[in-house]
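Each of the next two complexes has chain A plus one more chain, namely chain B in the first and chain C in the second.
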Partner chain A sequence: MDFPSTQFVPSRMMGTYEPIHQIGMWGENFKSIGNPSISASVIVEVDNKLENESETASHEMPVPSCKHDQEASKPFDKIQRRLAQNREAARKSRLRKKAYVQQLESSRLKLIQLEKELEQAREQQGLYIGGGLEAGHLGFSGVVNPGIAAFEMEYKHWMQVQNRQLGELRTALNAQISDIELRIVVENGMSHYFELFRMKSTVAKADVFYVMSGTWKTSAERFFSWIGGFRPSELLKVLVAQLDPLTDQQIFEVCNLKQSCQQAEDALSQGMEKLQETVSATLAAGQLGQGTYFPQVAMAMEKLEALVCFVNQADHLRQETLQQMSHILTTRQAARGLLALGEYIQRLQDLSTLWATHPREPA
Partner chain B sequence: MQEAIPYKSYSTTRATAVGSRSPLLNFLGGGGGVVANGSESSIRKLVEENAVVVFGRRGCCMCHVVMRLLLGHGANPVVCEVEEGKEEAAIGELSRIGGGGGGDGGGGGGIQLPAVFVGGKMFGGLDRVMSTHISGELVPVLKDAGALWL
Partner chain C sequence: MDKVMRLTTERGVVLFSKSSCCLCYAVKILFQELGVTPTIHEIDQDPEGREMERALMRLGCKAPVPAVIIGGKLVGSTNEVMSLHLGGGLIPLLRPYQAFC
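Moving on to the complex of A and B:
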């Protein structure tokens, strides 16, 4: 490269002056940070860079026709300034990228941690619940309500006893056992249902929505759910069809029972509607949209306590209906009735299982 | 033909909100009389003068259920709404009146609201109304007290 000496010297001179000037600036910067040792290494780096850049700059520099020093140094100055700004911007960009990557790394670690915790929580849940039951009751905290956990274990056991008792009923009806013995089997069956109502009452105090949602039942059973269980009138319909022949007196009494049942269900349903209206009105009291709402929510919670009463009354109705049926029927009919009821529920449960495993067309 | 007892009693009790209900509403609603105070004399009077009285908290949904059941049978129960804060006094008075009256009144000593009085005597809560309704015992009891005309 051949450069006119006049231009070469100033640029060289400028080249040597600039870094000192720049380093001076940066030295100040680093001194304010309080780490003079860094500035030394940076200065060396910068110096090298500057030398490289000043050489390239001098290649690209337009040859000024005017030989005046000031004019010759102006564009050079500007370019040097711009180069310095670029370097600064590049440095800042590198620092930002570093910070971003560090943030990503820590988020990734946090995610791994959360996944691990979730896994553990799922395993714990598996200990409480026998397979097949849903996890819809973890709530906000992710902790299983002990009342619910206890109920689910008891209910699993209850179903096992139920199936065993149905087997006993089948055997008893086919065998020629005395009415007294059959009566005992019937009484056991009835008591077993009453036991379920007691269990439900206990867990309703722990979480009434759990009972209302029917989470503990299979999906097909849930389809028929009314205030946390079956509609007594519907079960009566199923039963009566299985109990032919009935005497005229029995038919009359069963009809009355069906009607009373229906009336009681209607009364409870209307009460539920009123409860919905009350809770809704309480929640919506005052102005919606202001942001402060705790008093309304607290009051609505009080009203919602009545839901526990409804669940208890619905189960009470189921129990009374069962009792009344056992009074109307003979022992043998009652035994057949219990068996029919049990098998009907089993069919519903099988329907749920079949539905779950039945292959469906992709959406 | 029996006299319409519930309506006659309104003029003598210190009912505060009764006047606001139209006569037609009373007829359709079936004795939706509102007595806002739980004073002893008014409670006693209600129980003595009416075939069926239901005592319950204001806006109680269980009370609504009891009413539906009784109305379904054609009875015309008088409702006494117990004010908040006056519950204890009301329950105390009801216990005094009802002590020794029918069945499993309050379940172990304490009367609970809603409480139903039939024929001047304590009948029970929603539990008892429900059981007797299903078993068929409710209608004869109501008839005996003169709550039903048919």
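Moving on to the complex of A and C:
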């Protein structure tokens, strides 16, 4: 950029006017005029405050020397204007730079915050976002508990087998197959549920809260969840309605089963409440608000270990309920019962999908 | 261990428990519902508790609590009690000791 050597410079300070060669020129001029009041260091000083001060033209101090013939012929006003424009451009440039730096700084702070959150999430066992069969995929990578990841995959496969078995049951009931053959189909169905309880027991050791929250299931299934699965007495209610006609003996036995199931459930539910009270009391021990609390948290963790026992007991109860039912019922009834149960769960899952996708009124 | 064996052969329903164990609490609630008042031994409050624990484990109670003994016979832990109850076998065992007031 052609720049006249006749310089009008602010008296006290001077920021860096881009491009940098201007300063050099100014420096040269000052040396040539031997102006002692402006040092070279001041000329190259970067000063963010200057954008406020450079606006005011009043600080200008005309430098009387002229080196080039061209400059001598240009009117004073034009030079003034040009300098003002340059100052303005430089000011705007500095403002943009400042805004950019501020944006970088805030992004950096946000990044630090996110990294901290990620670290905390990693420390918690198995931070996991799943949506059961609706979402159909694993949560965000990097922080998934391997036990949970394995379970998710196994459960997906389990559901596929379950659906296939339900189809087989339907076919078997409609066809005229022998009781022995039907028994095999029923046994397969029962074993399949027992397999699920085994899977749950394994993942409960990895992360009991995962099992308790029923994350791998659909939302409607979770709605009915009791200690990490369906309530045995609820299961009986659904089944019995489908199994007419039952003999008097069967009705009597089913009634007893219902009652003992209910009693066992109540006992476990109250045990769970006691566990909640215990963990809460342990956690809240001592003074809240002091900021140091690791002993309480460590003790609470010890108490929480019992939760795994409860989850296992609840699954044991489910398994026993299914076992007892299969003893009370005939093979044909058991087949119908398994089919009914399987389809009930499918309806729950469909309900979840429908709920998730139906349009809602805007807020 | 003598103490455990002696307590085991007591008449009635005996429950070995720990005061801090919530699963033991669940079993206590179940007996309450069934109208039974077991003799409860909180082994964490017993000076010989450690030994009792070991003895129970030798008898086959992995947990080792809760451990249920009815009429001198070891029934087992929570699993066994629940299975027995759902199978209809617990109440007959408890009948001599049930007291509904």
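To be clear about the criterion, the second predicted complex is superposed on the first by the 225 of 363 C-alpha atoms of A that agree within 3 Å, B and C clash if a C-alpha of one lies under 4 Å from a C-alpha of the other, contacts with A are read in each partner's own complex, and residues count from 1 in each chain.
Assume a residue touches a chain if its C-beta (ideal position, glycine included) is under 8 Å from a C-beta of that chain, and two chains touch if they have at least 3 such contacts.
In this text, all values refer to a predicted model and were calculated from it rather than measured experimentally.
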| item | value |
| --- | --- |
| Chain C versus chain B on the shared chain A, clash or fit after superposition | clash |
| First (chain B), second (chain C), both or neither touched by A:270 | both |
| First, second, both or neither for A:149, with chain B first and chain C second | neither |
| Partner chain(s) touched by A:321 [first = chain B, second = chain C, both, neither] | both |
| First (chain B), second (chain C), both or neither touched by A:335 | neither |
| Partner chain in contact with A:348 - chain B first, chain C second, else both or neither | neither |
| Contacts of A:239 with chain B and chain C, given as first, second, both or neither | neither |
| Contact residues common to both interfaces of chain A (with chain B and with chain C) | 256-257, 260-261, 263-264, 266-268, 270-272, 274-275, 278, 306, 309-310, 313, 316-317, 320-321, 324 |
| Contact footprint of chain A on chain C as seen in their complex | 20-23, 25-27, 29-30, 33-34, 78-79, 82-83, 85-88, 90-91 |
| Complex interface listing, chain A residues touching chain B | 256-257, 260-261, 263-264, 266-268, 270-272, 274-275, 278, 306, 309-310, 313, 316-317, 320-321, 323-324 |
| Complex contacts: residues of chain A adjacent to chain C | 253, 256-257, 260-261, 263-264, 266-268, 270-272, 274-275, 278, 303, 306, 309-310, 313, 316-317, 320-321, 324 |
| Touching residues (chain side chain B, partner chain A) in the complex | 59-62, 64-66, 68-69, 72, 126-127, 130-131, 133-136 |
